[in-house]
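Look at the two complexes coming up: chain A is in both, with chain B in one and chain C in the other.
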Partner chain A sequence: MIKQETLRTFLAVLLVIIAVIYAVNAGYFGKEILAEILLFAILAMSLDFLAGFGGMVSLGHAALYGTGAYFYAVLTVNYGWNAPSAMAAAIFFCGIAGWIVGAATARVRGIFFIMATLAFGQMAYVYVFENRALGGDDGMSGIPRLDLSLVGIDLVDPTNFDIFLIVVAAFVFIFLMWLLKSGFGRTLVGLHRNEMRMRALGLSLLLHKAAAFAIAGGIAGLAGTLAAQHAMFVSPDYLDWKLSGLVLIIVILGGLGSLIGPVLGAAVVIILKHQISAYTEHWAFFIGVFLIIAVLAGGHGLYDLLVKLNKRARRKATKPEEVVDA
Partner chain B sequence: MITDYSFWTIQLLNGLQFSMLLFLLSVGLSIIFGLMNFVNLAHGSLYALGAFTGYTFAKLLGSYWAAFFLAPVAVALVGAILYQLLIKRMRSASPLNQVLVTFGLLFVFLDVFRFVWGDFTLGIDTPELLNFGFAMGGQLYPAYRLFIIFLGLIIMAALWLVLERTNIGAMIRAGVDNGEMAACLGMNVNKVFFSVFCVGCALAGLAGVVAAPIFSVYPGMGIELLVPTLIVVVIGGLGSLRGVIAGSMLVGMIQTFGQVLAPQVASMLVYALLAATLILRPQGLFPARG
Partner chain C sequence: MLEAQNLMKSFGALHVTNNVSVSIKQGERRAIIGPNGAGKTTFFNLLTGELPLDEGRVLLGGQDITKLKPDGRARRGLGRSFQKNNLFDGLTVQESLTLAAVTALGKSGIFWRDPANDDEVVQRVKTTAQQIKLEQVLNTVTDNLSYGQRRQLEVGIALASRPKVLLLDEPTSGMSPEDTGGMLELLKNLTGEVTMLIIEHDMDLVYNLADQVSVLNYGQIIFEGTPEETRASEEVRRIYIGEWGEDDA
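Let's look at the complex of A and B:
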């Protein structure tokens, strides 16, 4: 038996190792799928931080992702910024956008919160979709990747780009774990669990929720800039609310509030999607049925399943001792 | 153009016609939302189902009017099956789980449409009876669009009569206002829920078959209209007829006139209105519950 905290770290390390091995050995198509998984993993971790720990179930997360992608695209393509400063600016802008949405919706709850985030997301989607300067529904192409040739790494190579994404995803995981252990993270969870008590302690609901949304927004924006670099192309689909829904599905299937679960969820859903697509074009049907069954079964995601298996293993391991005690 | 009287009349009629479609689509969703605390993201799919079954009926029976009456019945049947299989179980679930399950349903419906009717755009001809126009400032305004406005107004009046003037309406309003108390007074709340759900589905189906000759019929049509429908429901306030009327008029008119006056920001205006409503008046304009 391993402790839950150790289980999480163990799982994270295991996933990194598998990803690295895969990035080096897979064919071109496999590397592309791995990149897609990693992008979704970063986005899903960001949403899990917001929804699983902060209790803010957003159905507009793709809008922040897409905003990051477009911001990066516009700065690099139209204004000729270099990649690192464009990335930093995009992340900062998405953080501010997240802060505003978080502050505006701090008092909105339950289904209305879901609707409000959906509304903000659609606002951004429609703006991009109808803006000719951003290419409208054609999107924008010719987006450059980060240039790491100074340290001798060529990011145009798919293996290198995959490993770069693995490093970023690992950093995001470590950062969010650290944040959740900090005073801020504990306050956030406290606000979710018992808002009255935290407010009685004199904490500001608005400031904490807005800050959490800003952080989640910044990370979603980061994922967006990486997605734009990966595809070297952006389109309004990046901001579509169906994408927000897919990310939410990934988080729920992986395990809400576990941080590593959504990474697992991203891998399972994306691999499933490609596997099913190989046989039939109706993959959405199977994802839909899978989702309905998963929710009806009342499970708490893949991570929870692992925790339960782990507990069962412990019970088996300790049973002989109990007999001796008796 | 700006001072052209008939131009504004036509825009007003277009706005009214879109508002009526939104009304048909939203009223079921709103009452279901208010009555059962259940958000059904698959409601838009039922609208699409109405259009698709309408297409098939019109083709098989050779008459639009047969489709007009049969499609809502077919959609209500599908709704009844969905209710018994799935939605009954989800009523007490958390909003997150409701969103997830109905989101899953939306995916399933989308692919069922693609599988059965193919992934392309279909069309239904405007019925012969209404295939003429009224002259309006040198243009012909199609009679079919006026028919939609007329139909919307009739349904509106009928629903108002039922909700405000009959026993069944009193039971529905009691259920929205305080379901537990209504159940304590001997009302079979579950039966009311079920009937309201089926009627809501039938109206969504009606909206679909009515919209089919104007808009094209394609698998994603329900998803496209789902978001405006949710906006109508939230802006108007859950579970009230007045709210749905106000919400659909607001959204329909803003969308139509925005498209003419300020095309760059037109679509955003509606979302901005929703965000403002949620922040400033979360209960909506005319909530059924105090």
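Let's look at the complex of A and C:
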């Protein structure tokens, strides 16, 4: 089911090495951009699991991300919870929220599914935006970071925080790869490929889709708690549908259903965003143009491009041997 | 084992299934025959729940399953293959059979183990591949199989779930005579436990395989009997003018 296994692993390892080197050597601004890329990478992997493998193209993913961020903020700031418990609770809550959305939309398909997830996302956005207890459109600040001083790591230091995010992103990648190879993951992909047949074999559409959504929701929530810690601030922008759209663009540009592609996509889009916004604030327009070009070029994303290049390189490498054989 | 009681289904003014009742004993092999458009596939879709019934009941092992969705009925032991190949494009034979085995064994909720390391699943895939004679092409992607092989896989995916009642919708349609012979052998080799309903146009296969035959025409069962009785029936012969007879007589 998962093709090009080695290329994927190779790419993952390479990206981790580059990220670590960059985290150590970049200037302050560079470190901040790396953190942003990593947060988007985690969120994008979660959406790719849902959309690329599970066939559920959600346009409400930022709502789960923002919910995680706010849940963490409220528990730590208003209720004085410690960071690990607040993170665990936020992830759990987002998992449940994901389960509910997944169960509610299990039989909805295509454009209606996109609209339904958008509606769920907007509901959450409006709720947070209008809620004075959550700071309304001002958001909330003074959010603490995880305290790792017990093991001698100070997460307030940007390099350390970047490394921490790299570890979490790598863990999420490994977790999802492993999940996709399990009975659950394989039947999820089967359901995406041929829903009618999987149902005729006895697979429950509702339970399976809801479970997949719960997992994606939990990971999106995790990304949210990390984003809140990174900025030490949350605002309704975290739940904005434009953010959902950006993540979807990252996934599609990176390569739907490849898991590592969206990580690459996150790096490209975020770097591009910062480059372009130095000249104009309409960076989103140019990323849109970039996406259109990529899709019209017949691309299935950056990862697919790498797969093709890899194949071509291998073919070239084996040709001389064939001549010798002949 | 499987009982259909007064099934009714219309598409607009068209009564595609008109008061169909059928009762199949455990271990029985029942052939459903009838001309094109008689409503055979529709009858199957009503049994599996893929189409909602207008009226009537379906019982499996004495239990009413009318209200269950297709997946619920499958979990109770109702398996089916499709008239038009309904496979997993892009997956290999092994991966396709694994999906069926994992689901049927109730392991689709397991997220901590690769089914490739699960003996029960691996064994099921292996025996099924042998049954459908595709053990040589386990790693071939479905799209690259010959038509006959795809047809075998179509039946194999249903078999891999080891249903109590197996519904086969024209398993030999479009097959060469040799492949048809292979399919007959395959189906005959299935142990007597499985109860089988088979829609089939190939009368030789019906004659060789079935214990009982039900004849559908315009949505109604117009005849029921042994293959010999069916062949001897004037009424059935009239429907099937020219389709069989001469070379068997």
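Basically, the second predicted complex is superposed on the first by the 320 of 326 C-alpha atoms of A that agree within 3 Å, B and C clash if a C-alpha of one lies under 4 Å from a C-alpha of the other, contacts with A are read in each partner's own complex, and residues count from 1 in each chain.
Throughout what follows, contacts are C-beta pairs under 8 Å (C-beta built on N, C-alpha and C of every residue); 3 or more make two chains touch, one makes a residue touch a chain.
Owing to the predicted nature of the structure, the values given are computational and were not obtained by experimental measurement.
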First, second, both or neither for A:245, with chain B first and chain C second: first
Touched partner set for A:275, first chain B, second chain C, both or neither: neither
Which superposed partner A:141 touches (first chain B, second chain C, both, neither): neither
First, second, both or neither for A:295, with chain B first and chain C second: first
Chain B versus chain C as contact partner of A:6, first or second or both or neither: neither
Which superposed partner A:123 touches (first chain B, second chain C, both, neither): first
More chain A residues in contact [chain B versus chain C]: B
First (chain B), second (chain C), both or neither touched by A:208: second
Chain A - residues contacting chain C, complex: 1, 179, 181-187, 190, 193-194, 196-205, 207-208, 211
Interface residues, chain A side, partner chain B - complex: 57, 59, 104-105, 107-108, 110-112, 114-116, 118-120, 122-123, 126-127, 130-131, 241-242, 245, 248-249, 252, 281-282, 284-285, 287-292, 295-296
Touch list for chain B against partner chain A, complex: 39, 86, 89, 93, 95-101, 103-108, 110-112, 114-115, 223, 227, 230-231, 234, 263-264, 267-268, 271-272, 274-275, 278-279, 282
Chain C to chain A touching residues, read off their complex: 48, 50, 69-72, 74-75, 79-80, 82, 86-91, 95, 98-100, 102-104, 107-116, 118, 121, 157-158, 161
